[in-house]
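Here the chain labels run A, B, C, D, E and F in written order, and each chain numbers its own residues starting at 1.
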Amino acid sequence: MPGSEFSEIPREANHFCGCDCPFDQSRLVLFGAPYDASASFRPGARFGPSAMRRDSWGLETYSPLLDKDLEDACVSDLGDLELPQGPASKVLDQVQAMAGAIIRSGKIPVMIGGDHSLTLGAVRAALEAYPQLHIVHLDAHTDLREDYLGHAYSHASVIRRCHDLVGDGRIHAYGIRSGLKAEFDFARQHLDFHPFSLEALADLASTLKDQPVYITLDLDILDPSILPGTGTPEPGGIGFHELLSALALTAPLRVVGADLMELSPPLDPSGASTAVACKILREWLLLMAFPS
Amino acid sequence: MPGSEFSEIPREANHFCGCDCPFDQSRLVLFGAPYDASASFRPGARFGPSAMRRDSWGLETYSPLLDKDLEDACVSDLGDLELPQGPASKVLDQVQAMAGAIIRSGKIPVMIGGDHSLTLGAVRAALEAYPQLHIVHLDAHTDLREDYLGHAYSHASVIRRCHDLVGDGRIHAYGIRSGLKAEFDFARQHLDFHPFSLEALADLASTLKDQPVYITLDLDILDPSILPGTGTPEPGGIGFHELLSALALTAPLRVVGADLMELSPPLDPSGASTAVACKILREWLLLMAFPS
Amino acid sequence: MPGSEFSEIPREANHFCGCDCPFDQSRLVLFGAPYDASASFRPGARFGPSAMRRDSWGLETYSPLLDKDLEDACVSDLGDLELPQGPASKVLDQVQAMAGAIIRSGKIPVMIGGDHSLTLGAVRAALEAYPQLHIVHLDAHTDLREDYLGHAYSHASVIRRCHDLVGDGRIHAYGIRSGLKAEFDFARQHLDFHPFSLEALADLASTLKDQPVYITLDLDILDPSILPGTGTPEPGGIGFHELLSALALTAPLRVVGADLMELSPPLDPSGASTAVACKILREWLLLMAFPS
Amino acid sequence: MPGSEFSEIPREANHFCGCDCPFDQSRLVLFGAPYDASASFRPGARFGPSAMRRDSWGLETYSPLLDKDLEDACVSDLGDLELPQGPASKVLDQVQAMAGAIIRSGKIPVMIGGDHSLTLGAVRAALEAYPQLHIVHLDAHTDLREDYLGHAYSHASVIRRCHDLVGDGRIHAYGIRSGLKAEFDFARQHLDFHPFSLEALADLASTLKDQPVYITLDLDILDPSILPGTGTPEPGGIGFHELLSALALTAPLRVVGADLMELSPPLDPSGASTAVACKILREWLLLMAFPS
Amino acid sequence: MPGSEFSEIPREANHFCGCDCPFDQSRLVLFGAPYDASASFRPGARFGPSAMRRDSWGLETYSPLLDKDLEDACVSDLGDLELPQGPASKVLDQVQAMAGAIIRSGKIPVMIGGDHSLTLGAVRAALEAYPQLHIVHLDAHTDLREDYLGHAYSHASVIRRCHDLVGDGRIHAYGIRSGLKAEFDFARQHLDFHPFSLEALADLASTLKDQPVYITLDLDILDPSILPGTGTPEPGGIGFHELLSALALTAPLRVVGADLMELSPPLDPSGASTAVACKILREWLLLMAFPS
Amino acid sequence: MPGSEFSEIPREANHFCGCDCPFDQSRLVLFGAPYDASASFRPGARFGPSAMRRDSWGLETYSPLLDKDLEDACVSDLGDLELPQGPASKVLDQVQAMAGAIIRSGKIPVMIGGDHSLTLGAVRAALEAYPQLHIVHLDAHTDLREDYLGHAYSHASVIRRCHDLVGDGRIHAYGIRSGLKAEFDFARQHLDFHPFSLEALADLASTLKDQPVYITLDLDILDPSILPGTGTPEPGGIGFHELLSALALTAPLRVVGADLMELSPPLDPSGASTAVACKILREWLLLMAFPS
């Protein structure tokens, strides 16, 4: 480490803005998963975590809406996993290892994607610790394909793979507006399924009570006018404040893991999508840190 | 044609997703018109048809909103006209030839633009077959200039040229929010004119009954937040669901031709505008295929 | 000057579309301030004035909403200041000189930015002429930092610098949705402060009566879906018609100077943000020219 | 005009850097022709003149290579023609009118394109004044098609149209490296044809002596590594210093008109191509102004 | 199929320009492999085949350098494989199936990538038919890693995987200028290795005589000034004419398969890289079709 | 710090690839200076250091040309200074503080810019320690303006400011090809001035012997075909290998500080310019680390 003379020269930080709480004191722990090799249509989500860290510094740490400050929330940021853009199985193992280590430290992992396929790794880690885990799925797409052109671990199949693990009635899906007819049929039969809007989230807290919950947020649930920078934009989505309100409805849940996936910076030349992703993460972290 | 060994190797298709119905069995027939040489401000619409075909594969063929599938709608896709970026008269002739041939085959042409000037070619073809044709014009701009810097076949004059052909009272214009004062005056005198919104479309079906109708949709009717990727974006426009609802109001009409114009992919670096155009086309094709 | 033979050959103009009124006859006078060296996060606003002039020609001069035409409003356009991207003090002096000269000519300066720091120069000029000046501040950000990393004339401090000059109660701020907690506290104590929305503007005319007012509009008050092309996009903002309505509420005020800041064309690859900025300027100029 | 107080406030200029000589005193006269409706492949050249004027200010007016300064060359700049993106015939008439008026004023027109089709208008004007006109054609493409998909005034036919006017032996073409076989055959029969390189230009001055010459430079003669920003990039072209040397070889010619065509700024995101075009124009103007 | 009336209306084609020879009559057969999920650094090569087909129409089919025309070369184009962006093994199988079917038809497969990992599939097919196969490897990178972050089928390992199959002395590598020290050591021991330049290719024909050869060309062998649009640009590479000359040196070889990989259109905003790739493919196809 | 379980999970690093030597053991020390507020023409260099760190991972640490590896060179990387985009004086102080602290630790600072104005801060620090300092200036531009529009600390004046400090004969400038005539005159009088090429560098080592030298490299010395991504591209520059050879000529010098300035990532959409900058830095660091 350079000497004391250097300590007075301010240098730029590498963590998400406001998230430099020491690991031991933190309750919420960020990590990035820069991988998109399963993206069927347009790649780019691998650059999501680094873009969000960089552009988070254009935000403030203080939320006027919530009147809370990230600097008081004690969130730490472990940086990004080093992932090959290769076979899904190895990558899912690494995500599972990281999320599991955080959970075993008594903390809550918050993963920044990366494509949606990675959620499976974090869900596996959460299931190990919480076999009764419920999953809240906020997304534009069903992600319930048995496989995609023969690929079982594509981002288009991730919720189907989760269902393989948790079975019927423990996945609660909201806002879905795209999928095969067969996927919609499957969803209606096997999931707690609320397509098109997020309103039904209002009832979830009273249903789940204190059961452990993993929340996965695919950012393409937002309308492409709000967040064009994602691999498979799906017009006709929900608004920014609508999503914030829905996340507020999840505040009473017992969240044991969470993720925010599918920001694709190469498809965001203005940076507005990255700003949206950062602000949603800030508000969500504050809601999880100060749940009351 | 390569031999049978090849038939088992899946290859990518070139048609709009879900639109591979054999021509003879189809009722709706797509074709692209990649031309933008009349665009007064910023070109690029010539790349609209190919971008929409390519990006349509990021959509599903199934519409959860309508609970219908394009694969059941029997739409065929004839690909793109080969058009010079030259004199409008020759290009309009080719559009007219294609639209006319489709109509004479007993089918409904659906043209993907290209700039709005091309609508004149398709309207001419429809008028040949249906002299009592009405025109429904959905657009941000009046397009009623006598000429634009001396150019009579510019996209800024296309509805004026249509009016030359059909006369007063047979053009029904909705959503217009931009034009010269003289154009607004002309519109009020000679058109069935409903500026700023699409609400008045609710009355059209009962007025027109079973008279033949050509519908031309300039995508810049949408707000630029929804569809920035167009040559002359006009702020203050309508929303995605608002447009879908308006198209649903046209389902009872006897549509004999239609077009969707002015997507400009070079102005759509995120691809979100192309996704919007594709989804509107999918929903519109389903509405035309399953009108009840 | 070339001879008469040339006078019949039409050439392109360099002023904002519809703003070629002779200086002597004009009441409103545009000038551009292409400077962004104080932008803390992402530069680019220096290209705002030239991009707006160029793209204004994709607009019409006629406003169907107001049924007024810019060509009847007698606005002149003095072009752009030549500014170094260097020390703020020199640049502010030049802005002050230009705005002051316009005011001393009995006219109203309307500055096109450039970054928000420049507002201080124009406010100084207005204060010289109107010591009782009030300031209306429409923005996403408080801009009330004492300094930004030691820089007192950053765009993040401009309203604090204005407060240094006018003191408590004479700055009326609307729509603010981002800032440090300390800035929000300062705002509540020292400003007439209405965060999050523009509704409270309805009461301002009756409060201020005929006191002189400078209005500064930071375009990032708009939601990034409407205007992504700005240096510090702040999600959760207001809509296009909402802003137009708010500007209509300022029409009864005695406006003695105005500005429209922070469009960043390099962050606007589709051109939609520039179109929004141009249309807002057109409507605002018409509202100031025809206040009744 | 604003009063004297304004004269001390520096404002940005609109002419090509260093080209503000009063028209009457100038020998070389610039004008822009912002039109690209004939571009067969990718449009964008319409934005060439304005981009070159804007970015010329990143250059100096002084050439260290030539040890001459544009400010001593007395070049004036008439700005851009206002051209519809419509029928070629009208546009060619306007180019002819402008070039002709400059020639009749005893000066040399230098046109900044726009697409190559416009050269025909300027050549017509030069032929009116100089019936014995020779044409020097520097290009990657033959541009000798009888027509392009039926369009006779496309940029792919412009030299064929010139040949219609001047006949055999009066077009001297250099550097051509692309075309139909039929075009190469035509060139070999009817033109003074030197494909692939510019070396043969060394002999031209002694051949032409003081006969009047129009020089047309299609910037795509440069290798795409030097100038990627053009509509039909053709790999394997010549270098920057190679082109400057060739232009120096034309300095002894009696040039009566010139143009520099086909820069396409939308295809130049880095701005390097525009810088190349500007520097070539500066050096070429200096060579024409100080032929020594 | 639509009726005869349609046959006179020209429509745009989907094959690489000049490559519409009927399959049965063709000797060279193109196919595209749109896959890049193994790209370690920046994806995008999946869009290579479609971009090359589209932009090939900005080229001519005639080569003035070779005085040959693609329309006389009888090349057919089977379009693109439909590939999941998933597990490499399945994708390699499909590439192998396609290349194998072409070889078994007595023809020469020419694959357009796609990332370099796919070469393994085509090499496997060629080895099945020609167990004595030699491989010519033209590339900036060694591609000899045992694995990349544990991924054995990455594009950084493809030549190592080929070496697993063919063993020492049968891979002839040219132009390599980047890799781990261990890879350079391996190359020197096990390959016929000629780093930095292509000159040594002059000797290969006399060495290999009529042994069967597969040639794999990674386009990043070109200097990034010539071809910036590739995932891992490596400065200090070779020039356009240098590569053409090297390909001419391979004309006497008995080529039984070939590929051209790693064009990444999203990294090619000007289109110049795609033009380079298209022209190299045209010249190479002509060299293979007319070897003398 | 997270516990041992985490140590086995690989995470991505934030330093320049291969530069993770502990500070105490290092001889060469990198730091970034993300500032561009003095850029007169087009900003963006503030993003240079972070882009170079990120994209350095697409390079290898091993140089085949030098047969040396960065991992053996013991370079450390202190990250980026946190700089306001404000008054130059404060920023220069921070650069001076950092460079000075490194020098006082007995090491050699290597600064990654940032715009060229920052060099003054590092030169001041080097002068404090080495009053007899010589400066080697590699650049396309003279940077010798007394001021730029009144701004004395612009990047266009940085070498003039250095001359103020060191006086005649101690600045050795190479490769300059752009400037005012007055600047060239000044250079010839007061500098050791070698415009247009780098050849004269061959003599410098024998002249300077072991006098201390600071080397400043403005990347725009490269031809824009090699490095388009810089704020003021100047056509007609030098090549990649030419620059490497010149840097090799500086290896015998007693270098006490160095910088590499003016990469502008927003002007580098393909990433090729950033790759060039990274590779030059790698080779230069190796040359400084292994001078023999």
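The rule we apply is simple: a contact is a pair of C-beta atoms (placed from the backbone, for glycine too) under 8 Å apart; a residue touches a chain by one contact, two chains touch by 3 or more.
What you see is a predicted model; the values in this text were computed from it and never measured.
Enquirer: Where the contacts of chain D and chain E overlap, which chains show up?
Expert: Common neighbours, chain D/chain E: B, F.
Enquirer: Specify the chain most distant from chain E by Cα centroid.
Expert: C
Enquirer: So, comparing C-alpha centroids, which chain is the farthest one from chain D?
Expert: A
Enquirer: Could you put a whole-Å number on the gap between the CA centroids of chain D and chain F?
Expert: 38
Enquirer: Suppose each chain is reduced to the average of its Cα coordinates; what separation in Å results between chain A and chain D?
Expert: 55
Enquirer: For chain A, jot down the residues that touch at least 2 other chains.
Expert: Answer for chain A, listing residues that touch two or more other chains: 10, 82, 149, 223, 225, 269.
Enquirer: Every touching chain pair, please?
Expert: Taking the chains two at a time, the touching pairs are A-B, A-C, A-E, A-F, B-C, B-D, B-E, C-D, C-F, D-E, D-F, E-F.
Enquirer: What part of chain E is in contact with chain F in the complex they form?
Expert: 41-42, 149, 176-181, 184, 195-196, 223-225, 228-229, 232-236, 267-269, 273
Enquirer: Using the touch definition up top, name the residues of chain A that touch chain E in the complex.
Expert: 36-40, 43-44, 46, 82-88, 90, 148-151, 153-154, 266
Enquirer: Which chain A residues qualify as touching chain C in the complex?
Expert: Going through chain A, the ones touching chain C are 10, 57-60, 62, 64-65, 67, 69, 223, 225-226, 240-241, 244, 269-272, 275-276, 279-280.
Enquirer: Enumerate the contact residues on chain A facing chain F in the complex.
Expert: Residue positions touching the partner: 1-3, 5-6, 8-12, 14, 23, 32, 34, 50, 54, 78-82, 94, 97-98, 101, 104-105.
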